[in-house]
Amino acid sequence: MSQLQHKDTVSWINLDGLHNTSIMQEITTTFNLDTLVVPEVLNTDARPRVIEYDNCTLITIKMLMLNESDGTTVIENLSLILTKTVLISFQEQKGDVFEPVRERIRKQKKRIRTGGTDYLTFALLDIVVDNYLYVISVLGDKIETLEENLLLNPNENTITEINNYKRELNFLRKNIKPAKEMIFSLAKTDSDFITENTYIHFKELEDNISQANDATDSYREILSDQLNIYHTTITSKLNDIMKFLTVFSVIFIPLTFIAGIYGTNFQYIPELSYKYSYFIMWFIMIIVAIGMLLFFKKKKWF
Amino acid sequence: MSQLQHKDTVSWINLDGLHNTSIMQEITTTFNLDTLVVPEVLNTDARPRVIEYDNCTLITIKMLMLNESDGTTVIENLSLILTKTVLISFQEQKGDVFEPVRERIRKQKKRIRTGGTDYLTFALLDIVVDNYLYVISVLGDKIETLEENLLLNPNENTITEINNYKRELNFLRKNIKPAKEMIFSLAKTDSDFITENTYIHFKELEDNISQANDATDSYREILSDQLNIYHTTITSKLNDIMKFLTVFSVIFIPLTFIAGIYGTNFQYIPELSYKYSYFIMWFIMIIVAIGMLLFFKKKKWF
Amino acid sequence: MSQLQHKDTVSWINLDGLHNTSIMQEITTTFNLDTLVVPEVLNTDARPRVIEYDNCTLITIKMLMLNESDGTTVIENLSLILTKTVLISFQEQKGDVFEPVRERIRKQKKRIRTGGTDYLTFALLDIVVDNYLYVISVLGDKIETLEENLLLNPNENTITEINNYKRELNFLRKNIKPAKEMIFSLAKTDSDFITENTYIHFKELEDNISQANDATDSYREILSDQLNIYHTTITSKLNDIMKFLTVFSVIFIPLTFIAGIYGTNFQYIPELSYKYSYFIMWFIMIIVAIGMLLFFKKKKWF
Amino acid sequence: MSQLQHKDTVSWINLDGLHNTSIMQEITTTFNLDTLVVPEVLNTDARPRVIEYDNCTLITIKMLMLNESDGTTVIENLSLILTKTVLISFQEQKGDVFEPVRERIRKQKKRIRTGGTDYLTFALLDIVVDNYLYVISVLGDKIETLEENLLLNPNENTITEINNYKRELNFLRKNIKPAKEMIFSLAKTDSDFITENTYIHFKELEDNISQANDATDSYREILSDQLNIYHTTITSKLNDIMKFLTVFSVIFIPLTFIAGIYGTNFQYIPELSYKYSYFIMWFIMIIVAIGMLLFFKKKKWF
Amino acid sequence: MSQLQHKDTVSWINLDGLHNTSIMQEITTTFNLDTLVVPEVLNTDARPRVIEYDNCTLITIKMLMLNESDGTTVIENLSLILTKTVLISFQEQKGDVFEPVRERIRKQKKRIRTGGTDYLTFALLDIVVDNYLYVISVLGDKIETLEENLLLNPNENTITEINNYKRELNFLRKNIKPAKEMIFSLAKTDSDFITENTYIHFKELEDNISQANDATDSYREILSDQLNIYHTTITSKLNDIMKFLTVFSVIFIPLTFIAGIYGTNFQYIPELSYKYSYFIMWFIMIIVAIGMLLFFKKKKWF
């Protein structure tokens, strides 16, 4: 490893897993890093930040990766230690999102091989942010599908879906917002290890992380709107249900009352003995029912 | 095409469709453009942006056009490559919104023919933004009609309309907000290809795109208000329905109970044998009903 | 008209109606105005703006006037052309809000007669903004009356009123917000026709238009609160209605059931033949009813 | 009064009531004030403002005082005219909040007697703002009491209280917000009558008025939350009421139907003549009722 | 105590309880503090602030400590008096959050012993802010648990929990927001007692208090969302309840009516004497019930 130090070109060392303390130690001594760097790298719960040391710069950010098989989002802390000649990246787990960068290095792309550690840092952060955008877009597609189905086919799952999407979005916002702050502070930093040329690229990074941040805010608004629309829709349906029950009840209540009247056992009820009373009762009932229907028609209840 | 390069006047080359790679190639070589320009032009999903190259400036923006026949909004990516002498515009499809500019050129309008590629760029962007305003105003008219009918004639479609307008508005906002950012950054850019005189026009462009952006925000607020008002309206109607059902039920429930009492077959019910019992029952029922009505009147339920 | 040009004092020319093109032409030539001014004056749909020409400044703003007879708000476009010696104002209709200024001129008030066209411009804009404040205060009084009655005497019109006031307020905001932007940009303009002394007055104008703008925002919040309170109130009433229906139904449902049981025609129902069964039934019913009432009392439903 | 002018020390003249025009006149002439000051002092409806005249500064602000006997808030316009040697304060009514300042003057407190008119102005404004904080804290205590009782003991008055508090808060905000703007503009003013030392005190005043303003905003949010929570609570109660009605109705509806069936007078109903039919009917009814109860138990409706 | 004054090293004096006025007096005289400091220290209700005196700086802030036994949050005012050589801290009660700092001092940590009073101030404030973050995270965990259970297992306590968390959060915000303002103003202060090196640490403090403030805002949003989702959920349940009641009622209402018709005692009802009438009635009833069920099936009501 020590020969890396003396190479004239730029080196990228990528470490998976933070448990191997001996390697950590070796790196610290090889590259003559500040002793405070390693504890910061191990503190994977801290928010994204840039720390300037005398002979290196530490950048930490959260990686968000979509697990394509089950649709969950995996989160991992990434620490980048940047010196003039070496970029050391620390990941918690094997498996990352940097394949495209490796591909570009293998393919001997000019920019990535000649651009210095700062350009490589940009390239890695850019891919991390691209993955933010990808994770958001996948969630966004689900939200837009929900939006289309909201009125066509609302059902019991709608509210569960809205709640799940809200929670996923809160999770994304919680990670993306501090990342945005970190990237903006990085672009304003005057680190010795970032050249003037690369600042232009950080500007692009700012645009992308802003877009990611705006997208989460915008989807949040859409979800709130959807919840409101869903709430109004079910209140509207409740209205229809109650109208139906009311129309039906109100028509039959007086009819059942009339039948009840002539079901009484009073000894003297004059109507009972008239021959056509039964048919007159039916006639009156039909008149009452039609009258009610016309009344509801006028009230535009159906 | 190569003779265009040597003309003393300003040229505008407009290309429909991005699939003809040979023409793309020819343009690149003829006008000696940066090789990175073509990939950017082909990336039609990217957000509106301004990129400065050594010998040209790339401006991309989304065109929104209303399809008058079915009321849908068509979206298309527009890329403008700006050099000192030539403006090249790339569209995805045939059919655009630039007819007024062509008309002005044909009519030999002074400003448009002498103003340089930067003025022509302004003229094209201005028409794109005018179309934003037009698309918004068409949607805005629908929203205002809805607003007027909301209380006069609310119906089942109200919520569907509100939802559709929200979605259309979200679509517009998603395209107009980054366009606004692009135009504001364009006005701050110190490109070699934009003269001092034209900056004043970009100020006007800023005003227009701000107006477009404000209008979408304002219509968004109006739609939220409408949803709230509609929700309150249907809750209010639910109230009326339940009042009606309650008044009706509560009047008949005790009457039907009384009839039920005298429908029982007990051998000894003293009231049954009195001659006027039946009429007394009717009398009591009418008293009860009137009492209930007075009670509800006092409660102001109808 | 041409002699106006040579007067040493300040002149104010006020034109009602924009259809007389010959007068328009005469003014343009008399005062040697930029040919682009007239089209801008005729474009009465444009938003309030300040345009600097070589020999004049154009200011446009919307006038809002309350039609006292029917309470509607009349809107009209006002264009002011400002040169060193002349202020020309264009209105769409006869009838304006400038009577107080004319009064001050007639009364030979010192300031208004010696202050230059810029002071006169301020005086006219000030009156336009005062009318904004007046129109808002009239609407605000109605909103505050509504607020007071909201709980004392809520009725079916409440929601209609809230909706109408929201619409009126949206109308005001749509006109006042761009007027505010115009006045703020006017105060920052370094026009040749506005003297240092008058800038202090524009500061006052800024205060007033800000106050107008804040008032519309504040009334908007109040209306939203009122809608929420009204919604909660009717939900609360719905609660009371349903409690009443439930208490009433639940008391009578078992009683009617008991009556139904003894209305059956089974040949062998032992209870029917006991002499006091009928009275026992009444007793049981009264016990059940009292039990129910105590239950609801305990549940605090009435 | 004229001898006041020549004193070497600072004088504070406090006037209650603005109707005595002769005193007004005398003050104007004695202290050689700008003639425009008096009309501004009399215009008690205007918003708080600072106006710089050649030989004095006018500061106006609203005083808010809690009437301890009935809990209402009294509002009064206060105008302060500030010259090098004299501070003149105008109040609309007798009775003010300045007792502590007078006390400090009587007690010969060093600072208040040697600090100049600017320090005295600060002391008066400070007490006005302290009263804002006091009025807010009294309202805030009521709101927090409401918050505590909201779920423990919600009742019909809750919504009335929320509405009243909202209105009181709107009243406070309407007066405190422009006062805040006035005080911030005062701190930025470079008046001849305010010394460098006193500016530090105005900083403290800014803190206090900001605190007052923040508190009104924060209580406003709390009230909105309370309204939402109350709304959700009553919807939740409505749910319980409807569950109860539904469970009760649904159990008795089929039982009453069965009784109705055997109450029919068909000549041939086989069940009627079986000896144990009546008991079988009871048995079936009990089975149905238990089945229903189990069904609702499973649905967790009670 | 007086010997403390002359030590070359930095001293930290910590006082619990503010009632011992003689100690207060002694401190004031020993360290030659401004006489205005003590009243400010005793004013424990005031908001967090920084006051610069000639020979010391006063910093006050609220300490928030979680009482682990009952989960309540304890609040206490902390005052720090900062001179070149001594840091005096005043607490209201015994028991604080400074154990880690004392531990570092005992362990002879370099930084804390050599860093001056300003570094010690930072260390204490940092621990106060860390406790804010801890208190928020404990509340946040509860809120997130609520969020997970909201749809799986909503119950009557949900709304009580939401209300309690809102109140706790309002309590935290009320204390954290002014602390944030204080810390930001502290970082901008150019106090004689804070060295350039320590300002970098105050930057870190700003980050932490911003994070605390953002977290309260974010949890506030989450709680509002949860209340909305809970409200929509119970409205949705109300819908289901009413559907169930309506389906059940509407099926039995006409059946009970039919039974009522044939329970009447008219002398001439032709149907009664037909032998199979009773069975025909049952048949018709079953047809009606099945028809209703199919109707509701079609309406997708169950």
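Every chain is named by a letter (A, B, C, D and E) in the order it is written, and numbering of its residues begins at 1.
To be clear about the criterion, a contact is a pair of C-beta atoms (placed from the backbone, for glycine too) under 8 Å apart; a residue touches a chain by one contact, two chains touch by 3 or more.
These numbers were taken from a predicted model, which means no experiment stands behind them.
J.: Return the chains common to the contact lists of chain A and chain D.
T.: Both-contact set = E.
J.: Expressed in ° and rounded to a multiple of 5, what is the rotation angle of the C-alpha superposition of chain B on chain E?
T.: 145
J.: Please tell me whether the contact surfaces of chain A and chain B are same or different in residue numbering, using the over-half criterion.
T.: Different-residue interface.
J.: With chain centres taken as the means of their Cα atoms, state the distance from chain B to chain C in Å.
T.: Centres of chain B and chain C (C-alpha means) sit 23 Å apart.
J.: With chain centres taken as the means of their Cα atoms, state the distance from chain B to chain D in Å.
T.: A distance of 38 Å separates the two centres.
J.: Quick check: what residues of chain B touch more than one other chain, meaning two or more?
T.: 228, 231, 235, 238, 242, 245, 249, 256, 260, 263-265, 269
J.: For the protein chains shown, what form does their contact graph take: line, ring, star, complete or other?
T.: Drawn as a graph, the chains make one closed cycle, so a ring.
J.: Using the touch definition up top, name the residues of chain C that touch chain B in the complex.
T.: 47, 49, 156, 159-160, 162-163, 166-167, 170, 173-174, 177-178, 224, 227, 230-231, 234-235, 237-238, 241-242, 244-245, 248-249, 252, 255-256, 259-260, 262-265, 269, 271-273, 275-278, 281
J.: Which of the residues in chain E come into contact with chain A in the complex?
T.: Interface residues on the chain E side: 147, 150-151, 207, 211, 214, 218, 222, 225, 228-229, 231-233, 235-236, 238-239, 242-243, 245-246, 249-250, 253-254, 256-257, 260-261, 263-270, 301.
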